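Structure below; questions to follow.
Per-chain residue numbering starts at 1, and chain names A, B, C, D, E and F are given in the order in which the chains are listed.
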(Lines give C-alpha, C1' and ligand atoms only; values in the text may rest on other atoms or scores of the structure.)
Protein backbone atom coordinates (compact mmCIF):
# COMPACT_ATOMS: atom_id res chain seq x y z
CA UNK A 1 0.00 0.00 0.00
CA UNK A 2 2.75 2.40 -0.82
CA UNK A 3 2.36 6.12 -1.32
CA UNK A 4 5.20 7.80 -3.18
CA UNK A 5 5.64 11.54 -3.41
CA UNK A 6 8.06 12.77 -6.06
CA UNK A 7 8.82 16.44 -5.57
CA UNK A 8 10.81 18.10 -8.37
CA UNK A 9 11.36 21.59 -9.73
CA UNK A 10 8.90 22.57 -12.48
CA UNK A 11 11.49 22.87 -15.21
CA UNK A 12 9.47 21.44 -18.07
CA UNK A 13 8.69 17.91 -16.95
CA UNK A 14 6.98 16.39 -19.98
CA UNK A 15 3.91 14.17 -20.13
CA UNK A 16 6.13 11.29 -21.19
CA UNK A 17 8.56 11.85 -18.31
CA UNK A 18 5.68 11.85 -15.84
CA UNK A 19 4.44 8.56 -17.27
CA UNK A 20 7.92 7.08 -16.86
CA UNK A 21 8.25 8.30 -13.27
CA UNK A 22 4.87 6.79 -12.38
CA UNK A 23 5.67 3.49 -14.06
CA UNK A 24 9.20 3.31 -12.66
CA UNK A 25 8.29 4.13 -9.06
CA UNK A 26 5.45 1.60 -9.16
CA UNK A 27 7.69 -1.11 -10.65
CA UNK A 28 10.19 -0.45 -7.85
CA UNK A 29 7.54 -1.21 -5.22
CA UNK A 30 6.47 -4.37 -7.05
CA UNK A 31 9.98 -5.69 -7.60
CA UNK A 32 11.58 -4.79 -4.26
CA UNK A 33 8.65 -5.16 -1.85
CA UNK A 34 6.24 -7.37 -3.77
CA UNK A 35 3.50 -4.74 -3.59
CA UNK A 36 0.35 -4.79 -5.72
CA UNK A 37 0.67 -2.02 -8.37
CA UNK A 38 -3.01 -1.26 -7.98
CA UNK A 39 -2.33 -0.40 -4.33
CA UNK A 40 0.53 1.93 -5.21
CA UNK A 41 -0.07 5.68 -5.49
CA UNK A 42 2.52 7.98 -7.05
CA UNK A 43 2.07 11.75 -6.76
CA UNK A 44 4.34 14.14 -8.67
CA UNK A 45 4.59 17.62 -7.17
CA UNK A 46 6.18 20.21 -9.47
CA UNK A 47 7.62 23.10 -7.48
CA UNK A 48 8.46 26.51 -8.95
CA UNK A 49 12.21 27.20 -8.84
CA UNK A 50 11.47 30.36 -6.82
CA UNK A 51 9.97 28.12 -4.14
CA UNK A 52 12.85 25.66 -3.87
CA UNK A 53 16.00 26.52 -1.99
CA UNK A 54 19.34 24.81 -1.73
CA UNK A 55 22.52 26.09 -0.14
CA UNK A 56 20.41 28.91 1.29
CA UNK A 57 19.47 30.34 -2.11
CA UNK A 58 16.62 29.98 -4.60
CA UNK A 59 17.13 27.39 -7.30
CA UNK A 60 16.16 30.17 -9.77
CA UNK A 61 19.36 32.05 -8.91
CA UNK A 62 21.41 28.84 -8.94
CA UNK A 63 20.19 28.12 -12.47
CA UNK A 64 21.05 31.66 -13.63
CA UNK A 65 24.56 31.30 -12.24
CA UNK A 66 24.97 27.88 -13.86
CA UNK A 67 23.78 29.28 -17.21
CA UNK A 68 26.13 32.28 -16.93
CA UNK A 69 29.06 29.97 -16.17
CA UNK A 70 28.27 27.91 -19.27
CA UNK A 71 28.19 31.01 -21.50
CA UNK A 72 31.69 32.04 -20.48
CA UNK A 73 34.36 31.02 -22.96
CA UNK B 1 -2.96 20.30 17.40
CA UNK B 2 -3.76 18.20 14.38
CA UNK B 3 -2.62 18.91 10.86
CA UNK B 4 -4.59 17.15 8.15
CA UNK B 5 -3.52 16.98 4.53
CA UNK B 6 -6.20 15.94 2.04
CA UNK B 7 -4.66 15.17 -1.32
CA UNK B 8 -7.11 14.60 -4.16
CA UNK B 9 -7.13 14.79 -7.95
CA UNK B 10 -8.17 18.20 -9.31
CA UNK B 11 -11.32 16.99 -11.00
CA UNK B 12 -13.53 19.99 -10.26
CA UNK B 13 -13.65 20.09 -6.47
CA UNK B 14 -16.16 22.86 -5.76
CA UNK B 15 -16.00 25.61 -3.17
CA UNK B 16 -18.83 23.93 -1.29
CA UNK B 17 -17.09 20.55 -1.31
CA UNK B 18 -13.93 22.14 0.07
CA UNK B 19 -15.93 23.74 2.86
CA UNK B 20 -17.45 20.35 3.70
CA UNK B 21 -14.06 18.60 3.72
CA UNK B 22 -12.63 21.25 6.05
CA UNK B 23 -15.62 21.10 8.39
CA UNK B 24 -15.82 17.31 8.34
CA UNK B 25 -12.13 16.67 8.97
CA UNK B 26 -12.12 19.20 11.81
CA UNK B 27 -15.24 17.68 13.39
CA UNK B 28 -13.57 14.27 13.24
CA UNK B 29 -10.65 15.54 15.32
CA UNK B 30 -13.00 17.17 17.83
CA UNK B 31 -15.29 14.16 18.19
CA UNK B 32 -12.72 11.35 18.19
CA UNK B 33 -9.74 12.98 19.90
CA UNK B 34 -11.32 15.90 21.76
CA UNK B 35 -9.14 18.40 19.90
CA UNK B 36 -9.78 22.15 19.83
CA UNK B 37 -11.09 23.07 16.33
CA UNK B 38 -9.08 26.29 16.47
CA UNK B 39 -5.92 24.17 16.76
CA UNK B 40 -6.83 22.03 13.77
CA UNK B 41 -5.40 22.83 10.33
CA UNK B 42 -6.80 21.21 7.19
CA UNK B 43 -4.94 21.63 3.90
CA UNK B 44 -6.48 20.45 0.62
CA UNK B 45 -3.98 19.73 -2.14
CA UNK B 46 -5.51 19.33 -5.60
CA UNK B 47 -3.26 17.30 -7.88
CA UNK B 48 -3.50 17.28 -11.69
CA UNK B 49 -4.55 13.85 -12.98
CA UNK B 50 -1.35 13.79 -15.10
CA UNK B 51 0.61 13.95 -11.83
CA UNK B 52 -1.17 11.13 -10.01
CA UNK B 53 -0.42 7.52 -10.78
CA UNK B 54 -2.09 4.31 -9.76
CA UNK B 55 -1.42 0.81 -11.01
CA UNK B 56 1.64 2.24 -12.73
CA UNK B 57 -0.33 4.57 -15.01
CA UNK B 58 -1.53 8.17 -14.97
CA UNK B 59 -4.99 8.74 -13.59
CA UNK B 60 -5.65 10.74 -16.78
CA UNK B 61 -5.40 7.54 -18.85
CA UNK B 62 -7.40 5.60 -16.29
CA UNK B 63 -10.22 8.14 -16.56
CA UNK B 64 -10.16 7.96 -20.38
CA UNK B 65 -10.46 4.18 -20.26
CA UNK B 66 -13.28 4.36 -17.72
CA UNK B 67 -15.13 6.90 -19.92
CA UNK B 68 -14.62 4.77 -23.04
CA UNK B 69 -15.97 1.71 -21.21
CA UNK B 70 -19.09 3.64 -20.21
CA UNK B 71 -19.74 4.75 -23.80
CA UNK B 72 -19.77 1.20 -25.09
CA UNK B 73 -23.26 -0.25 -25.59
CA UNK C 1 -7.93 8.44 -5.25
CA UNK C 2 -7.51 10.47 -2.11
CA UNK C 3 -4.55 10.29 0.23
CA UNK C 4 -5.17 11.72 3.69
CA UNK C 5 -2.43 12.38 6.21
CA UNK C 6 -3.57 12.93 9.79
CA UNK C 7 -0.74 14.26 11.90
CA UNK C 8 -1.41 14.43 15.64
CA UNK C 9 0.59 14.50 18.85
CA UNK C 10 1.28 11.04 20.31
CA UNK C 11 -0.72 11.58 23.47
CA UNK C 12 -2.21 8.13 23.81
CA UNK C 13 -4.25 7.72 20.64
CA UNK C 14 -6.03 4.40 21.16
CA UNK C 15 -6.59 1.59 18.68
CA UNK C 16 -10.29 2.43 18.69
CA UNK C 17 -9.65 6.12 18.02
CA UNK C 18 -7.42 5.23 15.09
CA UNK C 19 -10.13 3.02 13.65
CA UNK C 20 -12.63 5.88 13.97
CA UNK C 21 -10.28 8.38 12.30
CA UNK C 22 -9.69 5.99 9.39
CA UNK C 23 -13.40 5.26 8.98
CA UNK C 24 -14.43 8.91 9.38
CA UNK C 25 -11.89 10.35 6.96
CA UNK C 26 -12.77 7.71 4.37
CA UNK C 27 -16.51 8.34 4.77
CA UNK C 28 -15.89 12.05 4.25
CA UNK C 29 -14.27 11.36 0.86
CA UNK C 30 -17.13 9.06 -0.15
CA UNK C 31 -19.90 11.42 0.94
CA UNK C 32 -18.46 14.74 -0.21
CA UNK C 33 -16.51 13.74 -3.32
CA UNK C 34 -18.10 10.41 -4.27
CA UNK C 35 -14.75 8.63 -4.02
CA UNK C 36 -14.35 4.85 -3.88
CA UNK C 37 -13.37 3.90 -0.28
CA UNK C 38 -11.05 1.24 -1.66
CA UNK C 39 -9.11 4.02 -3.42
CA UNK C 40 -8.79 6.08 -0.25
CA UNK C 41 -5.63 5.87 1.86
CA UNK C 42 -5.51 7.33 5.38
CA UNK C 43 -2.18 7.58 7.17
CA UNK C 44 -1.99 8.59 10.85
CA UNK C 45 1.32 10.06 11.93
CA UNK C 46 1.77 10.31 15.70
CA UNK C 47 4.33 12.98 16.60
CA UNK C 48 6.12 13.20 19.96
CA UNK C 49 5.13 16.36 21.84
CA UNK C 50 8.84 17.32 21.97
CA UNK C 51 8.78 17.40 18.16
CA UNK C 52 5.70 19.59 17.75
CA UNK C 53 5.87 23.32 18.25
CA UNK C 54 3.19 25.96 18.46
CA UNK C 55 3.58 29.59 19.42
CA UNK C 56 7.32 29.04 19.18
CA UNK C 57 7.44 26.49 22.01
CA UNK C 58 7.30 22.71 22.34
CA UNK C 59 3.88 21.25 22.93
CA UNK C 60 5.47 19.37 25.87
CA UNK C 61 6.00 22.67 27.70
CA UNK C 62 2.58 23.93 26.69
CA UNK C 63 1.00 20.82 28.23
CA UNK C 64 3.01 21.26 31.45
CA UNK C 65 1.82 24.84 31.75
CA UNK C 66 -1.78 23.84 31.05
CA UNK C 67 -1.55 21.10 33.71
CA UNK C 68 -0.02 23.51 36.24
CA UNK C 69 -2.79 26.04 35.58
CA UNK C 70 -5.43 23.37 36.21
CA UNK C 71 -3.86 22.38 39.55
CA UNK C 72 -4.07 25.94 40.88
CA UNK C 73 -7.06 26.60 43.12
CA UNK D 1 20.64 16.46 5.06
CA UNK D 2 17.58 18.34 6.15
CA UNK D 3 14.43 18.81 4.11
CA UNK D 4 12.21 21.66 5.21
CA UNK D 5 8.68 22.20 3.93
CA UNK D 6 7.17 25.61 4.57
CA UNK D 7 3.47 25.60 3.86
CA UNK D 8 1.76 29.00 3.90
CA UNK D 9 -1.36 30.59 2.46
CA UNK D 10 -0.81 32.22 -0.96
CA UNK D 11 -1.52 35.75 0.20
CA UNK D 12 1.07 37.57 -1.88
CA UNK D 13 4.36 36.08 -0.68
CA UNK D 14 6.95 38.17 -2.52
CA UNK D 15 10.13 37.04 -4.23
CA UNK D 16 12.14 38.77 -1.51
CA UNK D 17 10.17 37.08 1.28
CA UNK D 18 10.76 33.68 -0.32
CA UNK D 19 14.50 34.40 -0.49
CA UNK D 20 14.47 35.32 3.21
CA UNK D 21 12.55 32.17 4.18
CA UNK D 22 15.01 29.99 2.25
CA UNK D 23 18.04 31.73 3.74
CA UNK D 24 16.61 31.79 7.27
CA UNK D 25 15.53 28.15 7.35
CA UNK D 26 18.89 27.05 5.98
CA UNK D 27 20.81 29.18 8.50
CA UNK D 28 18.75 27.60 11.29
CA UNK D 29 19.91 24.12 10.24
CA UNK D 30 23.53 25.28 10.04
CA UNK D 31 23.53 27.09 13.39
CA UNK D 32 21.48 24.65 15.47
CA UNK D 33 22.44 21.30 13.96
CA UNK D 34 25.71 22.06 12.20
CA UNK D 35 24.31 20.94 8.83
CA UNK D 36 25.92 21.69 5.50
CA UNK D 37 23.80 24.35 3.71
CA UNK D 38 24.41 22.60 0.42
CA UNK D 39 22.67 19.53 1.86
CA UNK D 40 19.67 21.53 3.00
CA UNK D 41 16.54 21.71 0.85
CA UNK D 42 13.78 24.21 1.55
CA UNK D 43 10.47 23.91 -0.28
CA UNK D 44 7.81 26.63 -0.01
CA UNK D 45 4.28 25.49 -0.75
CA UNK D 46 1.77 28.31 -1.25
CA UNK D 47 -1.78 27.14 -0.57
CA UNK D 48 -4.91 28.95 -1.79
CA UNK D 49 -6.94 30.30 1.14
CA UNK D 50 -9.93 28.28 -0.12
CA UNK D 51 -7.85 25.15 0.45
CA UNK D 52 -6.74 25.90 3.99
CA UNK D 53 -9.05 25.42 6.94
CA UNK D 54 -8.78 26.39 10.56
CA UNK D 55 -11.45 26.19 13.22
CA UNK D 56 -13.49 24.17 10.75
CA UNK D 57 -13.78 26.99 8.21
CA UNK D 58 -11.93 28.18 5.12
CA UNK D 59 -9.24 30.77 5.73
CA UNK D 60 -10.94 32.78 2.94
CA UNK D 61 -14.00 33.29 5.14
CA UNK D 62 -11.85 33.97 8.20
CA UNK D 63 -10.05 36.73 6.29
CA UNK D 64 -13.37 38.26 5.16
CA UNK D 65 -14.61 38.32 8.75
CA UNK D 66 -11.36 39.85 9.96
CA UNK D 67 -11.54 42.53 7.26
CA UNK D 68 -15.20 43.30 8.08
CA UNK D 69 -14.33 43.62 11.78
CA UNK D 70 -11.57 46.11 10.94
CA UNK D 71 -13.94 48.23 8.85
CA UNK D 72 -16.39 48.66 11.74
CA UNK D 73 -16.00 51.94 13.63
CA UNK E 1 16.94 18.55 -6.83
CA UNK E 2 14.32 15.91 -6.29
CA UNK E 3 12.92 14.87 -2.94
CA UNK E 4 11.20 11.50 -2.91
CA UNK E 5 9.10 10.24 -0.01
CA UNK E 6 8.34 6.52 -0.01
CA UNK E 7 5.67 5.71 2.55
CA UNK E 8 5.05 2.02 3.17
CA UNK E 9 3.64 -0.16 5.91
CA UNK E 10 6.24 -1.38 8.43
CA UNK E 11 5.88 -5.04 7.58
CA UNK E 12 9.53 -6.05 7.87
CA UNK E 13 11.25 -3.93 5.23
CA UNK E 14 14.84 -5.21 5.30
CA UNK E 15 18.07 -3.26 5.16
CA UNK E 16 18.69 -4.65 1.69
CA UNK E 17 15.23 -3.67 0.46
CA UNK E 18 15.74 -0.12 1.74
CA UNK E 19 19.07 0.08 -0.13
CA UNK E 20 17.32 -1.07 -3.32
CA UNK E 21 14.50 1.46 -2.92
CA UNK E 22 16.99 4.29 -2.42
CA UNK E 23 19.12 3.23 -5.39
CA UNK E 24 16.12 2.59 -7.64
CA UNK E 25 14.32 5.85 -6.90
CA UNK E 26 17.54 7.81 -7.42
CA UNK E 27 18.29 6.02 -10.72
CA UNK E 28 14.78 6.87 -11.89
CA UNK E 29 15.44 10.60 -11.38
CA UNK E 30 18.79 10.34 -13.18
CA UNK E 31 17.47 8.36 -16.14
CA UNK E 32 14.14 10.10 -16.68
CA UNK E 33 14.92 13.68 -15.67
CA UNK E 34 18.70 13.84 -15.95
CA UNK E 35 19.04 14.83 -12.27
CA UNK E 36 22.28 14.69 -10.32
CA UNK E 37 22.11 11.73 -7.89
CA UNK E 38 23.92 13.80 -5.27
CA UNK E 39 21.02 16.26 -5.38
CA UNK E 40 18.42 13.54 -4.93
CA UNK E 41 17.04 12.78 -1.47
CA UNK E 42 15.00 9.65 -0.79
CA UNK E 43 13.17 9.28 2.53
CA UNK E 44 11.50 6.00 3.49
CA UNK E 45 8.72 6.33 6.05
CA UNK E 46 7.60 3.04 7.59
CA UNK E 47 4.06 3.29 8.95
CA UNK E 48 2.55 0.89 11.49
CA UNK E 49 -0.32 -1.11 9.98
CA UNK E 50 -2.59 0.24 12.75
CA UNK E 51 -1.91 3.72 11.39
CA UNK E 52 -2.68 3.01 7.75
CA UNK E 53 -6.23 2.73 6.49
CA UNK E 54 -7.66 1.62 3.21
CA UNK E 55 -11.30 1.01 2.34
CA UNK E 56 -12.15 2.65 5.65
CA UNK E 57 -10.41 0.02 7.76
CA UNK E 58 -7.00 -0.51 9.33
CA UNK E 59 -4.50 -2.42 7.24
CA UNK E 60 -3.94 -4.58 10.37
CA UNK E 61 -7.50 -5.94 10.06
CA UNK E 62 -7.17 -6.30 6.30
CA UNK E 63 -4.05 -8.43 6.79
CA UNK E 64 -5.81 -10.62 9.38
CA UNK E 65 -8.70 -11.21 6.98
CA UNK E 66 -6.31 -12.00 4.13
CA UNK E 67 -4.39 -14.46 6.35
CA UNK E 68 -7.64 -16.12 7.51
CA UNK E 69 -8.77 -16.50 3.88
CA UNK E 70 -5.49 -18.20 2.97
CA UNK E 71 -5.84 -20.70 5.84
CA UNK E 72 -9.23 -21.88 4.61
CA UNK E 73 -9.12 -25.06 2.53
CA UNK F 1 -1.22 29.96 9.39
CA UNK F 2 2.04 28.35 8.47
CA UNK F 3 2.86 24.68 8.86
CA UNK F 4 6.56 23.85 8.81
CA UNK F 5 7.93 20.34 8.54
CA UNK F 6 11.59 19.90 9.44
CA UNK F 7 12.82 16.50 8.38
CA UNK F 8 16.31 15.55 9.61
CA UNK F 9 18.29 12.39 10.24
CA UNK F 10 17.95 11.04 13.79
CA UNK F 11 21.56 11.56 14.75
CA UNK F 12 21.07 12.64 18.33
CA UNK F 13 19.00 15.81 18.02
CA UNK F 14 18.83 17.09 21.61
CA UNK F 15 15.87 18.53 23.48
CA UNK F 16 17.57 21.92 23.41
CA UNK F 17 18.20 21.75 19.66
CA UNK F 18 14.54 20.90 19.06
CA UNK F 19 13.49 23.90 21.15
CA UNK F 20 15.78 26.13 19.08
CA UNK F 21 14.46 24.78 15.77
CA UNK F 22 10.87 25.37 16.88
CA UNK F 23 11.63 28.90 18.12
CA UNK F 24 13.75 29.80 15.10
CA UNK F 25 11.30 28.54 12.47
CA UNK F 26 8.44 30.32 14.20
CA UNK F 27 10.40 33.58 14.47
CA UNK F 28 11.15 33.35 10.75
CA UNK F 29 7.42 33.27 9.94
CA UNK F 30 6.76 36.21 12.27
CA UNK F 31 9.61 38.35 10.98
CA UNK F 32 9.38 37.63 7.26
CA UNK F 33 5.64 37.14 6.76
CA UNK F 34 4.14 38.85 9.81
CA UNK F 35 2.43 35.64 10.91
CA UNK F 36 0.96 35.08 14.37
CA UNK F 37 3.25 32.65 16.27
CA UNK F 38 0.20 31.03 17.81
CA UNK F 39 -0.95 30.10 14.29
CA UNK F 40 2.41 28.58 13.39
CA UNK F 41 2.95 24.84 13.70
CA UNK F 42 6.43 23.31 13.50
CA UNK F 43 6.80 19.53 13.23
CA UNK F 44 10.22 17.87 13.50
CA UNK F 45 10.47 14.46 11.87
CA UNK F 46 13.58 12.49 12.82
CA UNK F 47 14.41 9.89 10.18
CA UNK F 48 16.67 6.88 10.75
CA UNK F 49 19.85 7.09 8.65
CA UNK F 50 18.94 3.72 7.12
CA UNK F 51 15.78 5.36 5.77
CA UNK F 52 17.41 8.40 4.20
CA UNK F 53 19.21 8.17 0.90
CA UNK F 54 21.40 10.61 -0.96
CA UNK F 55 23.47 10.00 -4.07
CA UNK F 56 21.67 6.67 -4.36
CA UNK F 57 23.02 5.29 -1.08
CA UNK F 58 21.90 5.13 2.56
CA UNK F 59 23.12 7.96 4.76
CA UNK F 60 24.27 5.20 7.18
CA UNK F 61 26.89 4.09 4.65
CA UNK F 62 27.82 7.67 3.83
CA UNK F 63 28.49 8.34 7.51
CA UNK F 64 30.63 5.18 7.80
CA UNK F 65 32.71 6.26 4.81
CA UNK F 66 33.09 9.79 6.20
CA UNK F 67 34.18 8.38 9.58
CA UNK F 68 36.67 6.00 7.91
CA UNK F 69 38.13 8.89 5.90
CA UNK F 70 38.63 10.91 9.09
CA UNK F 71 40.45 8.04 10.81
CA UNK F 72 43.02 7.78 8.04
CA UNK F 73 46.31 9.54 8.76
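The working rule: a contact is a pair of C-beta atoms (placed from the backbone, for glycine too) under 8 Å apart; a residue touches a chain by one contact, two chains touch by 3 or more.
Since the model is a prediction, treat every value here as computed from it, not as a measurement.
Note on connectivity: the fewest steps through touching chains from chain C to chain E is 1. Comparing each option in C-F, D-F or D-E with C-E by residue number, the pair that reproduces over half of the contacts is C-F. Set against the Cα centre of chain A, the chain with the most distant centre is C.
Seen from the C-alpha centroid of chain F, the farthest chain centroid is that of B. Both chain D and chain F derive from one sequence, and where they touch, over half of the residue numbers involved are common to the two copies.
Separation between the centroids of chain C and chain D, computed from CA atoms only, is 21 Å.
Chain centres here are Cα averages; for chain A and chain E they lie 18 Å apart. A separation of 29 Å divides the Cα centre of chain B from that of chain F.
The multi-chain contact residues of chain C, meaning those touching 2 or more other chains, are 1, 3, 7, 21, 25, 41, 43, 52, 54. If touching chains are joined by edges, the resulting network of the protein chains shown has some other shape, matching none of path, cycle, star or complete graph. Screening every pair of chains for touch gives A-B, A-C, A-D, A-E, B-C, B-D, B-F, C-E, C-F, D-E, D-F, E-F. Residues 1, 3, 41, 43 of chain A are the ones that touch chain C when the two sit in their complex. On the chain A side of its complex with chain D, the touching residues are 7, 47, 50-58. Note for the complex: chain B touches chain D at residues 15, 18-19, 21-23, 25-27, 37-38, 40-46.
Every residue of chain A that touches chain E in the complex is listed here, in rising order: 1-9, 13, 17, 20-21, 24-25, 28-29, 31-33, 35, 39, 52, 54, 59.
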